[in-house]
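Presented below are the structures under discussion, each in the form of structure tokens.
Shared between the two complexes below is chain A, which has chain B as its partner in the first and chain C in the second.
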Partner chain A sequence: MQAKPLVVRDLTIHYYTLHGVVKAVRGVSFAVGRGESLCLVGESGSGKSTIGLAVLGALPSNARVVSGKILINGVNILELSEKELEEIRGKEISMIFQDPVASFNPLFTIGQVLSDIIKYKLGVRDKNEAKKLALKALSEVGLPDPERIYNSYPHELSGGMLQRAAIAVALATRPSILVADEPTTMLDVTLQAQILDLLQGLRRKLGLALLFITHNLGVVAAICDKVLVIYAGSVVEYGPVDEVLLSPLHPYTKRLIECVPRSSVKTSRLKYIPGSLPDLRKDYPGCIFAPRCSEALEKCSRIAPKFVEAKPGHFVACHKAVKAG
Partner chain B sequence: MPVSKEYIIKRLLLLVLVVFGVLIITFVITRIIPAHPELLWAGSHPTEEQLEKARRQLHLDKPIYVQLYYYLTDFIKGNWGVSWRTKHPVLKDIATALPATLELVIVAFIMAIIIGVPLGALAALKRETWVDHVVRVVSVLGASVPVFWLALILQLVLSSWLGLLPGAKRVDEYVVIETGFKPITGFILFDSLIQGNFAVFTNALKHIILPAFVLSMYPFGLSARMTRAVMSEVLNEQHTRSALAWGLPKRVVIYKYALKNALAPVIASLGLSFGYTIIGAFMVELVFVWPGLGLYAAMALLSYDYPAVIGCVIVVALIYTVINMIVDIVHSMIDPRVKL
Partner chain C sequence: MSQSREGWVIKVPLLEVHNLVKYFPLRKGLLGRIVGYVKAVDGVSFSISENETFSLVGESGSGKTTIARCVLGLLKPTSGRIVFMGKDIFKLSKEEIRWYRRNVQAVFQNPFLSLNPRMKVEDIVAEPLKVHYKDMSKEEIRRRVYDLLEKVGLTADLAKRSPYDLSGGQAQRVAIARAVILKPKLIVLDEPTSALDVSVQAQILNLLVDLKNELKLSYLMISHDLSVVRYISDWVAVMYLGKIVELAPAEELFEKPLHPYTQALLSSVPEPDPRAMRAKKRIVLRGEPPSAVNPPAGCRLHPRCPYASEECKKEEPKLVEYERGHWVACHLYTHK
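Presenting the complex of A and B:
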């Protein structure tokens, strides 16, 4: 069996701030295979975006990977130099971001960015050839009139078009992995579905390994094969998307799903999870969710639960869930 | 070019308005000051008859609004009066002096941008390292050292003591005479270059280094500080991170993409610093005996030469307005979101 394009093992990332060391990611492991899509789900501040940046070797300067491995097509990128990382970005892994408008430099046309990437990443020096490839990339993401988009500045296009253009730019160099950090959060609902469909189609067509970062469980259901639920930098649950969404094992996942407002159920109040994220500067001997957990047992705050396979392919880190299962 | 006709018309109207305003102000000031121009006009020991004639010639015998009428029409006709000091028409004097000043200011600005922008960018890239600190100290010093002091010190050290560079004038006369150099536009560097007269060119180049360097200190400091500030902001923006994530090489992202974002505000601030630089030019020209507008205006001020002073004020106001227009147009060329 061929190695999976993206493998992350026991990743631990700390932020060094004026107020102390923030342990943002605490031993996270996962893998994404060819044509597979994995969703990282969690609240804001759970460390999911940090993981996304780390996978590209693009962490902010005050963050450091303390331990773990990030293997991209078998190569541990944590051991690469900045120059070698530059080589890998775009070619083997690329990324799209939450804000499509801010993702483009306002002073350059889409075509300029696209042509530059094709020039530097694919080594196409011929201008006409580069333009041809660029137009092809733009039409691939379903943009009408690629010629016009090519010559447009970001402010002349809508958010939805820009997100498509961003996908075109990210995939023009045919990376095997695409990291999508909340790419639909800033778009309105009809556009969200279109962008998700597009990503879904491209994933199948190109055999893309898709790492999808979101806090929106509706989006998770639409695009993912597997789900990794993250709370305060730790993995609490992992499994196939139907399993996790329909029969969640971890109390945190259950609460998260309960928080999604449903039009079919009439409720007077929106639900939320009481309490807030724990102080990430501290270490916790037990389950990190225990203080907010309504089902917590006595030992939860003392002993860290092991991450075990409760059902085939469905993993959870929870004393109670395992006991019940 | 994204510049509309309306914009050009608006700007030209503004230009007229500015000049009109300056004319009114200078008119009022010269009428308030209790001077007796007819005394200067008529020469020493005039008879009452001569004075009467002088008043008639200067329209001083007419009501004030008629005087204003003559003042404005004379200005439009290009009759800006005769300098009391040089006895030449003011407009002719200015036409001779202006290219010298413009050449000096242009060279100073080019030096400022060529050194200031890359240094500012470097400081932004190496934030909080010794490079950043050195650039900060140098640029703050550059922007705050008094021009006349720096001019005198450099003249003393580099020219007087070490004899490395000439410390006065635009060009040595003997080179001009020996090579038979004839100025065309009055910009010596430009004229000598298109005539292929390299002797005059190198001579003029040596002369311009010191005064231009002194004059460039303020715009240099400004552009370095400005570039650093805008660059550090741009480097933290999402589009910089996206470009890097998409695999564009770092040098391309910085020197092609981010630098262009930094350029517009830097150029705008340099345009605004132009007024300050002209004031600097007055001092620099005085110290380096540079035969430009600054020296001319300074001498005119010191000898109460009102027509010359007014002429200089109007020309500087004109240049200032035109520079602002150019800055706007350049901005619109850099930034496609700006529509003029």
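Presenting the complex of A and C:
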């Protein structure tokens, strides 16, 4: 069996700030296979974006990977030099972000950006050949009139079109992994639906391993096969999307789903999670969600729950859920 | 249109918007020649009754925020009237303007931008009282501020802090407290929970519902999030390129959407239920909304609408009452 394109093992990341060491990611493990999409879902401060950046070897300078491994097609990128990383970035792994306007340099046309990448990453020296590949990349993401888009500056395109262009840039070099950090959060719902459809189609067509980062559980249901729920830097639940969203095991996942108002049914009163995120500078001997958990047992704040397979393929880190199952 | 129903109760409209038009001139060149207009709002009418939540939904560029700014008196409309408790808000005397501002307040999307970082929470909430009730005693102001902070779910120890020391949810509670301290009749809510996490959003929405019931408030809610709108609204108007395309009681609109645009919007909302998502029949609109500088002739949706006919390209459909209280602007319903 071929190894999965992206494997993350026991990743721990700390930020060094003026106010102390923030333990943002606390031993996270997951893997994404070819043609598979995994969602990292969590609220602000869960560490989901930090994980996304770490996977590209693009953490800010005050962040440090304290322990763990990130294997991209079998190579641990944490052991690579910046120059070796350059080789992998773009070619084997690409990323798209929330704000497509900020992903582009306003002084270059979409065509210039695309041709540069094709020239340097794929080594295509011939100008006409590079342009042909660039136009192909633009039409692949469903942009009408690729020739016009090729010659456009970012400000001439709308948000939806620019996000498509960003996807074209990310996939022009045929990476095996795409990291998408909230790529539809700034788009209107009808455009969001279009972009999700596009990513879904490209994932199948190109056999991409898609790591999708979002806070929106609706988007999770629309695009993912597997879901990883993170709270305060720790994985609380992992499993197939139907399992996690329809029969969640962890109290945090359950409460989070209950918070979401729906357009398809009338909700009489919304539930919420009392309390707020714990101080991430501290260590917690027990379950990090215990202080806010309505189902907490006596031992929850003392002993950290193990991450175990409660049902086939469905993992959870919770004393209560495991005991009940 | 006021919602007169059979029976004894006829609700008095608190706010009426009549045929509101707002064009922004597009200028070019050294002399600032006007070369065209962005038709942000192009003939919109609706009314809000007492203790009612009226929501304007639509995507970016639909004109919903422009309407909110006109209602707040921050923008002067190109034409049309906004009438509050029987008075045209653009023909008020100085004294009446103060009265209007006491009665109409606002809560915006980002509390960190709408709250002054150099002021303490208690001073932010007290300021409207100091401005509008100059002879109120310090003790009375203090009492009212602390009572209200408690009511919106903030502990007294937060009162001495700067908004920057608060979380997003706490800061939005401060903004809400500032908006209700004068006991207004109407609050304009412009995407009040868009910047918040879902668990916090739920708390803020619940707070808004509680305050509305307790203080008999009316809300004009501006939002692009249909799930939030369903939870909080009594009436919903769906906007597209500066026009209302459908207007109905909230339950009616979500259960029986008539306009193809409303149907497309509703079918695009992702929900945290993968099975329902797969079963959902999606109505896909082609392309993206066109520019409001040169909106398409006829029905503005026709280049993107799956049901567009020849008629839709030529004639603009009027907003008509298709069923009691349910208004729609679409040729599919004009020949019934």
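Criterion: the second predicted complex is superposed on the first by the 318 of 325 C-alpha atoms of A that agree within 3 Å, B and C clash if a C-alpha of one lies under 4 Å from a C-alpha of the other, contacts with A are read in each partner's own complex, and residues count from 1 in each chain.
Here, a contact is a pair of C-beta atoms (placed from the backbone, for glycine too) under 8 Å apart; a residue touches a chain by one contact, two chains touch by 3 or more.
Just so it is clear, the model here is predicted, and its values are computed rather than measured.
J.: With the two complexes overlaid on their shared chain, look at chain A and say whether chain B and chain C clash or fit.
T.: Fit: chain B and chain C sit side by side once superposed on chain A.
J.: After the superposition on A, what does A:99 contact: first (chain B), second (chain C), both or neither?
T.: First partner only.
J.: On the A-aligned overlay, A:19 touches which partner chain: chain B = first, chain C = second, or both, or neither?
T.: Neither partner.
J.: Would you check which partner chain A:271 touches, where first means chain B only, second means chain C only, and both and neither mean what they say?
T.: second
J.: Given the touch rule stated above, what does A:217 touch, chain B (first), chain C (second), both, or neither?
T.: So A:217 only meets chain C here.
J.: Please work out whether A:262 is in contact with chain B alone, chain C alone, both, or neither, and reply first, second, both or neither.
T.: A:262 sits against chain C, while chain B stays out of touch.
J.: In the three-chain superposition, say which chain, chain B or chain C, touches more residues of chain A.
T.: C
J.: May I ask you to decide whether A:169 touches chain B, chain C, both, or neither, giving the answer as first, second, both or neither?
T.: first
J.: Just checking: does A:120 make contact with chain B only, chain C only, both, or neither of them? Give me first, second, both or neither.
T.: Once the two structures are laid over each other on A, A:120 reaches chain B alone.
J.: Could you tell me how near the closest CA atoms of chain B and chain C get once both structures are overlaid on the shared chain, in Å?
T.: Here the least C-alpha separation of chain B and chain C stands at 6 Å.
J.: State which residues of chain A lie in both footprints, the one left by chain B and the one left by chain C.
T.: Common to the two interfaces on chain A: nothing.
J.: Please output the residues of chain C touching chain A within their complex, sorted ascending.
T.: Touching chain A: residues 59-60, 167-169, 197-203, 205-206, 224, 226-231, 251, 254, 264-266, 268-277, 282, 284-285, 287-288 of chain C.
J.: Name, in rising order, each residue of chain A that touches chain B in their complex.
T.: Against chain B, chain A makes touches at 56, 58, 82, 86, 89-91, 94-95, 97, 99, 102-108, 113, 116-117, 120-121, 153, 155, 166, 169-170, 173.
J.: Under the touch definition given earlier, write down the residues of chain A that touch chain C in their complex.
T.: 43-44, 144, 158-161, 188-194, 196, 215-222, 241-242, 245-246, 255-257, 259-264, 266-267, 269-273, 276
J.: Quick one: which bits of chain B touch chain A in the complex? Just the residue numbers, please.
T.: Contact set of chain B toward chain A: 237-250, 252, 256-257, 260-261, 334-337.
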